[in-house]
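Two complexes, one shared chain (subunit A), two partners (subunit B, subunit C).
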Partner chain A sequence: MAATTLPNVFSGTRSTFRVCPVTTLKVDAAAERLIIWNAVTAILALTLGGTYALLVGLTRWPDIHLLPPAWFYRLLTGHGLNMLVFWIVFFEAAGLYFGACVLLNARLVGVKLAWVAYALMLVGAVMANVVILMGKADVMFSAYPPLEADPLFYLGYILFAVGAILVCCIFLATIVMAKVERRYEGSLPLAVFGLLTAAIIALFTLASGAVALIPTFLWRLGDVYGLAGFGQVDPGAYRVTFWGFGHAAQQINLSAMIAIWYSLATLTVGAKPVNEKLSRFAFFLYILFINLGSMHHLLVDPGIGTAAKFFNTSYAMYLAVLGSMIHAFSIPAGIETAMRRKGFNKGLFGWLLNAPWKEPGFAALMLSLFIFGFIGGASGVVIGAGQLNLSTHNTWRVTGHFHATVVGGTTLAFMGFTYYVIPLIFRRPLFGKFLVRWQPWVYGIGMIFVSISMIVAGILGTPRRHWDTTFTNAVIPVQLPSLTNLMLTLTGISVLIAVTGGLMYVVICVGSLFMKKREARALNPLDA
Partner chain B sequence: MAIYSPERVWWKPLGREERLWVTVAAVWCFFMFFMLIGWYFLGEQNLPTRAVRITPAQYKTLADEFVAANQVGEEKGVPIVHPAPGSDIYLVARQWQWTPILELESGQTYTLHISSLDVQHGFSVQPINLNLQIFPGYDFIMKITPTTTGDYSLICNEFCAIGHHLMTGKIIVK
Partner chain C sequence: MDKKHSGMETPGTVVLAFLLLIWMGFLYFGSWILLAQAWGIR
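Take a look at the complex of A and B:
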């Protein structure tokens, strides 16, 4: 294999690179190890979160009603945290290192610090998971005070966030150093520009998380150990700062996912951004405006005044929506142009019919684009409107919305991207051709039904985070419309389909890692 | 190619189709923007925005006095109150019951207060599906005018610990 070393400016040391024969990119050996460890940890978190998803889904299926209430709420907490935070952020750490190093031919700056960041994130994730399973943090992902969890739960959260902040700083330092050492020419590739957007959003997101969680941690510490002067946490202030983290964290995913959409369009059909200026402008709109989306959690909160609710309903967030509309045009247009250049010119949609649908990266890209845009994004804009929020807040409609964005959108895109990372970075052929061919379809279609049935159930009044919507043991009986039962059952069945798709993904990853030999030459993912 | 550096000069004018798409999208975004402002004035149901600080103990006192003065019955241990039209009415959220049961008159306006005595709760009226977030320490105040008679169920849709799914209540409109 072609290995090469390049001198590092300032430190005078040299970094070792291998040259990838498929993409001709230089891959930093140290970055490669970090990408592998972060990605593998992400998949472990996904496996854990997916197991909880199955159990929680089967509990909300009225005829099965699997778990007792305590375990339902406990595992729902674990499901939220592992999926929304640990799986996604570990994968994003791998993605940021990949973008900054591999795509720019650059070395990773601060390799030791990157391992410290990994260790902090790992310790934080394990700590939170253990505390949850011990039954000391049945407080949900959002952990609203004055609901109480063990101080170690918040500490785990905080350690993880500190690690994630370090990852963002290392990413920024690496792209600056890549410019200084002239490892790439001209402007950043669009995908790295998108990741840069994600990293910038991540920094203010994580800062907001710290403002929410550190005082809460201190309050619980004071309570448990009887220390005076650690104060109380205002429930309203907590929700403002927590959602500055909790929702904005999903905007990091949005930017990272779109960077991956552009990458997958290039890798699968050779698409080129139609207009670099427009696509970059759309990312820029995200940095400025998208965090206003966080405010939509607070529209029916007490303590927030008319002006704030008024402004955030008629929100400048539509400028971020405009950014999404631009990507929604640019990516399909890039694919169409590339397909037509290859000669697929028959009729209006000949390019689409002849697209490589059997290619898992392409199928994942298109399904993710569809689910995110038409189900997730559209439902988000609707429930973000002030008066409509009155009839959607905390119903399952919200849950349906973010399962379409974070799961059907982001997670599916990340899964599709993995099928390129395994041959290019892990340098192993993919395990199970049949599994790889169908995985995005099974997972995507499962998630389409999960999201839609949740949304319909929510419209009928089904509350989120609820063990028993038949209210059997409640003092005052309540009956939801009979259609609800059908929707909850449909969700349960769709969860089974989606979990099957998730299991296929884990089997492919584990199989490729342990059953396939590492090959000396890098593999072309399109042949693998 | 999105994964490679773009050509040296990428600051290029938009094509015709792109200009058209961006224009339509931007016009629609601005229409929605002004429509949502407009709906505050045109719409008949708006977000409540009045809230005052109150300790859970103070709120409990107010609510107890309200129940004592207006109680007309009881259902399974939960008091039923029939307050005078136009008066201030108090609803208590606590683990795990909405109390009291409010009996209101159709077409009359009331000033509804809601607050929690312990953790956060989710006020959710079914089947009309109207939802609010409720905090301890904040008295959430809003004018309501029930217009359709019947029994309305209250459920809790913010997780409030292990008995969350047992938390229900009722509003009766006569």
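Take a look at the complex of A and C:
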């Protein structure tokens, strides 16, 4: 194994790097350990969230209706928190260390602090999960007051967020030192620029989360322990600050996903962005406009004026969407240019038909692009408009939209990227290569049908976060169209397919951890 | 480069981009039509 040392500017010591035989990048040993630990923890969170997904999905399937009501809301809270927060942020932490250290050939600045951050995130995640399973936090991941949870739930959330802020600060320090110590030439690579965008958004996002969660934690602390003077939390004010955290957090996932899209396009077909300045500008648009666009979560809130609502969602949000439109063009265009240069020039789509679909990274990339673009992003732009939101708010149309974006888009892209991280960073060959080829397809197609059936059910009026949509024994009876039953059943069946895809991924990752360690032999994970 | 095309470097992607725009337009206006029907607007 080739190793090299490079001098550090301020401390006068030298850092040891191993040189990757496939990519020739220099890998800092401390960063590698942190990438591994954060990624493995992410997959544990995904497994837990995925198990809850199966149980919740089988409950909303009307003919099965598996869980009793309390457990449905309990595991739905656990599903939301484990998937939307813990899985994604632990994976992004691994991604930030990868981008700052491996892609820049740099050393990790503040190694001890990085482990403190990991410990905070782990303790926060475990605390929140335990409190949820104890039945003391049936409040959904959004935890709106006056819904009450145990103070330890909010404390877990806050500790996790503090750990995540530390990871972002370490990332920023590392890329600054990488520049100072001249570890790379020219500008930051585009993928690292995308991760930098994610880190910048993360800082103001998590600050907003702190403003939402700390007073709520104090309120519950005062309530539970009978302490006076800890105040109340205004539900409207909480919602504003929570969604300042909540939506911008999705934009972090979006920036990270797009950075991974560019990386996968380069890794699989050697694509380069057609106009790198434009791509960077598109990332910059996210930073400027996403917090304004977050107003789409608050369109039915009574305490906010219509001018603010309509400016933010019908003007400002579309500038963030413009960023996505630029990337949505740039990445396929980069792939097309690269494939045409390789000689696949036949007709309009010869470049696409002859692309390496057998490579799991490419399949994951294209499925993720398609699902995010055509299903998730498009439906999001539609339901984010003020007037339309009045009929879509709190229906399953919203759930279908964000399952397309976060699950079909971000999670699938992360899964595709994992298949490169395992041979190159974990330095173990992939377990179950016959599973690896098909996993993106099973998961992607499962999620396509989950999202579409949820959206149609929502259009027909199915509410979200609701145990029994037949409204049995309701004082005011509600009769949803009978087509809804079909849509809910289709969702249930599709959940089974998607969970199978998720299980395949977990089996591949866990199995690979037990394979014999050896250096990667090729870039294609199926040959490595 | 394939001379049969208009000289664009990425004609396939341009077609895909148009498909996306048409699809988004369909979703958007379809949603408005559904909303107008629900509100009884003719």
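As a convention for this text, the second predicted complex is superposed on the first by the 516 of 528 C-alpha atoms of A that agree within 3 Å, B and C clash if a C-alpha of one lies under 4 Å from a C-alpha of the other, contacts with A are read in each partner's own complex, and residues count from 1 in each chain.
Heads up, the rule we're going with is that a contact is a pair of C-beta atoms (placed from the backbone, for glycine too) under 8 Å apart; a residue touches a chain by one contact, two chains touch by 3 or more.
Given the structure is predicted, the values throughout are model-derived calculations rather than measurements.
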Problem set entry | Which superposed partner A:T395 touches (first subunit B, second subunit C, both, neither) | first
For this session: Scan A:F284 for contacts with subunit B and subunit C and give back first, second, both or neither.
Result: neither
For this session: Applying the touch criterion given at the start, work out whether A:Q387 contacts subunit B, subunit C, both or neither, answering first, second, both or neither.
Result: both
Exercise. On subunit A, which partner's contacts cover more residues, subunit B's or subunit C's?
Worked result: B
Exercise. Now for A:R464: first (subunit B), second (subunit C), both, or neither, which partner does it touch?
Worked result: first
Exercise. Touching A:L147 in the superposition: subunit B (first), subunit C (second), both, neither?
Worked result: first
For this session: With the two complexes superposed on chain A, say which partner A:P332 touches: subunit B (first), subunit C (second), both, or neither.
Result: second
Exercise. Thinking of the overlay built on chain A, is A:V274 touched by subunit B (first), by subunit C (second), by both, or by neither?
Worked result: both
Problem set entry | Intersection of the subunit A residues that touch subunit B with those that touch subunit C | 274, 329, 333, 381, 385, 387, 390-392, 459
Exercise. In the complex of these two chains, what residues of subunit B are touching subunit A?
Worked result: 1-8, 10-12, 14-15, 17-18, 21-22, 25-26, 29-30, 32-34, 36-37, 39-40, 43, 45-49, 51, 75-78, 97-98, 101, 118-120, 122, 124, 126-140, 153-162, 164-170
For this session: Quick one: which bits of subunit A touch subunit C in the complex? Just the residue numbers, please.
Result: 274, 328-329, 332-333, 336-337, 340, 345-346, 348-349, 351-352, 373-374, 378-379, 381-383, 385, 387-388, 390-392, 459
For this session: Quick one: which bits of subunit A touch subunit B in the complex? Just the residue numbers, please.
Result: 23, 69-70, 73, 103, 138-140, 144, 146-147, 184-191, 234-236, 239, 259, 262-263, 265-267, 270-278, 298-306, 309-310, 313-316, 318-319, 321-322, 325-326, 329, 333-334, 381, 385-387, 389-395, 459-461, 463-469, 471, 473-481
For this session: Could you please specify the touching residues of subunit C with respect to subunit A in the complex?
Result: 1-2, 5, 9-13, 15-17, 20, 23-24, 27-28, 31-32, 34-35, 38
